[in-house]
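I have placed the structure first, in the form of structure tokens, so that the comments after it can refer back to it.
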């Protein structure tokens, strides 16, 4: 592994690898599969890799807690960009296997709820056992331990298997969002369609602290995109919040909201501002009345004039 | 009248004059009584006087609408400081008048509700007629038009009358607050116990606009001291708000709240930051958690580090 | 005066009388002018009259503090209905007087700011002196004390004067709102376009109390129409709030908001629900999502099912 | 399995079983291990069991998504009560195994982050592989597939293993919260120290919807205990919220807050009110000013008097 390589949640053949390969810069770098999210990120922390691609959220299964927790604690990392990948499974088998032959199936635990309906419709009697990853499931099928594995169709070649059925997904529009995380750096330039991520700890025993957090965004017209509570590990009922909002740290409204969080919360970790993957439903959104950069500049100039007695 | 004079709501002998004479700088300036609040303030606008002292609020009768409306509209003025004066009336009569002789009494309309109970107890049959000012009432008693006038005891000598009864006030702790208004200038230095005044117009037909206004203060921990609605003159149901908050425009939390108002409101008029008259109940108040100047500076430094990739 | 009579703020010839005469029921009742708002209302409190019409708000001059304070304190009264009257002044003179003859003008103090511009344009040298009412000013012109009075054109006949100029009003759309107040009774039936009035006292020394008050309305989708602070008389900086909201006490959202106020405030005085005068800009307004009576009923039924284990 | 039995997340020897055995009623019922949370809950839905005990939250690993999602969707279930269990692991081995012999360890994926530090300190070279459950890990050790398993000490006897090390837990005060879920029924009686659970869907594309949700609680003084977002499965960026608040559905403030949610949200699922496990830090908490049942009753009586004209 070279310092300019990218790690990813492996092994080879995972959806994460497929997501990574959608990035143009991936073509020119060494891509190194790691066996866990912490391992992929620690390689970046240690300087062994330039960045790591890890899943952070699935539209069916929700947040990937290993990723959320790794980004929230330990040596700080920053999200450089995100990748959205549609998720559809293929049922991989050893060449020659027919549907009627399948007694055991495997896959990552997160895959199971995404194919449960398909399974009960087409393989009602097959026994499911979880594997460490979808790709690992494919490997175990190759080795003969299971009859079939759910994985990305692209994993078939790697493990010398055949896709018996493709495009399996119980939910419509299932997607996984991946983030490319690196060491702290200047955020990517504002595109006008950005996402900003932070982790926020609230004051203990302060009822209403969560609403105060949301008000710091709301009063400046900054929309939330995602909020997820995670235990702090200090005991039942103690949470921090992983939050994504619309906009870029260089948008005045976002910057002022972040400073508001910083003031009222004992701890805030900035995780980055980066372009949103996927087109906006209606192109560039208009900021709420009074919250554009121009509005902030005008107000600051007015305040200066008031302070100088020139208003 | 010289350009360095102070005007005040006259005629001579009003409570406003008494309030003005509590200011050290009044001893060295020409003090010019004017017949109305607009006249006193227009002399300042025209450069004929340096400042004007006018009543703005009475603890029994409420806001002085002429003052509120003059400050809200026309050529901008600024409040330099405030004076609090306890209000107690004397019943002024021509020498020789006894209580039993009094058939008619006069005074400013605002005085009446402050002495109503005393009147019905001690002069139940006396007829009240309003005068243009308390001092003017005294003048009319001097001229024989009425038998007695309610006014400040200090007005007796001016009009060659006698205080027959003193310290008359239905309400305990009645006070009037006066403001010294001048042309826009750099606000007085922050004392730590300051008041900031603004007039704010809300967006039309935007339900919730008043709450949004209050939230700009609340989210930054700025307490309101007074809020008064005034018609804009554009038709029934259209109001602007005269607002006083704790703190000084140079307090970061106040400055950011004012910029917030400026952004979300079509029009904001800054009326000044000035020392609060009257001791604070408990000395210098502690700002709410996360809203001190130090908290703002820390947050701004943190934001800069985040933007530079050094957080 | 009979117990079924209506009192009003007199004397005869005031705008209040004109407003009262727009009410159909006024045609069949004795209408009794009183010399002050308290006198008009006390006659109702004492059972000498059935109701009193008094001005409560002017679109130029704002709230009528005597009315606001009388309704807020003392023996409770209730607003039965409201009347909106466009305000335009006539300049009343003794027959034969020409504009050039006028040296002195009079009128109610509230009239002056509404005709100030007209005066300085047409009678720049005339001296203004205030009268106890517009009608009283007309009487004083009749008696020769002043040359002209601003009053309603309808007052000319009563005082044997002539309207020299009519339709004088500096502000466009100047209106006064009057309320017909009586002893507490069942509110008038809901019309769908109603106004509800309350007076609310906040907890002392509880920063944010005003915002909590507004939130009780906002969270239930009840729009405010008017909010006015009035001193409680207990010292500078102590206020109560006179509040009008859209809707009727029998609207579920309004009833729940009022109960919320009752719970969080040490004192609330219900002043009535009554039809709004003046057409709604766009007919019957739609209540905000989730706040119709039907929504409240559905939610209450759902709660009952949850409590019974049938949800 | 009889209709009066309790299912639980098995196999035998799990922490869930240990939690279930702390319930007095478990002593008299058949306890049936199931292989997954859905299986345990479906047995209840089908009438094959009276209730199911499943983990819902761990103080280190966070929410148990299978449980959250099962309770949020499908045939409705209700939480009857909760159990808190301190989590400490034992390292189970076949009799005769010494620490130095251990090359492979297993356990549930959720166990791994709770013992990671211990592992790297005491068994830095051991290879971890996940098992379907802690108990299943123990079984696999028994069968010789791994050298050691992390599980509850109570599982040793079931699988004829020995606890080589006990009381292993990286985090202080690690706890898991379990819920006993059954078919919808009247909630348990209010104890004064209760928890109420709901799942709430927000209106699409309505910025601020989350804050409105929180305000329904806040305005009635109801404190949140937990809030967790879960994808709805309808696509990236679409979430519902699993929420626990303090109090019981029969507390007026809670009931009114729930009705508020029901009105403003397209869908709310009530999951139950039940006694809180674990002592309150300071005994019975005092409800916020104005939010006790007595305050609600007083306000309702006052509203009725207002509506009757008797206020």
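Each chain carries a letter (A, B, C and D) given by its place in the written order, and its residues are counted from 1.
The criterion applied here is as follows: contacts are C-beta pairs under 8 Å (C-beta built on N, C-alpha and C of every residue); 3 or more make two chains touch, one makes a residue touch a chain.
Every value quoted in this text rests on a predicted model; they were computed, and no experiment measured them.
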item: Minimum number of chain-to-chain touching steps separating chain B from chain D; value: 2
item: Gap in Å, rounded to a whole number, between the CA centres of chain D and chain C; value: 57
item: Chain B and chain C: spacing of chain centres that average the CA atoms, whole Å; value: 25
item: Euclidean distance of C-alpha centroids - chain A vs chain C, Å; value: 59
item: Where chain B touches two or more other chains, by residue; value: 215
item: Graph class of chain-chain contacts, one of line, ring, star, complete, other; value: ring
item: Listing of all chain pairs that touch each other, if any do; value: A-B, A-D, B-C, C-D
item: Touching residues (chain side chain A, partner chain B) in the complex; value: 76, 78, 184-187, 203, 212, 215-216, 219-220, 249-250, 255-256, 258-260, 262-265, 268-270, 289-291, 295-296, 298-300, 302-303, 306-311
item: Interfacial residue positions of chain B with respect to chain C in the complex; value: 57-62, 65-66, 69, 84, 109, 113, 129-130, 132, 171-173, 175, 177, 207-208, 210-211, 214-215, 218, 223-231, 233-239, 278
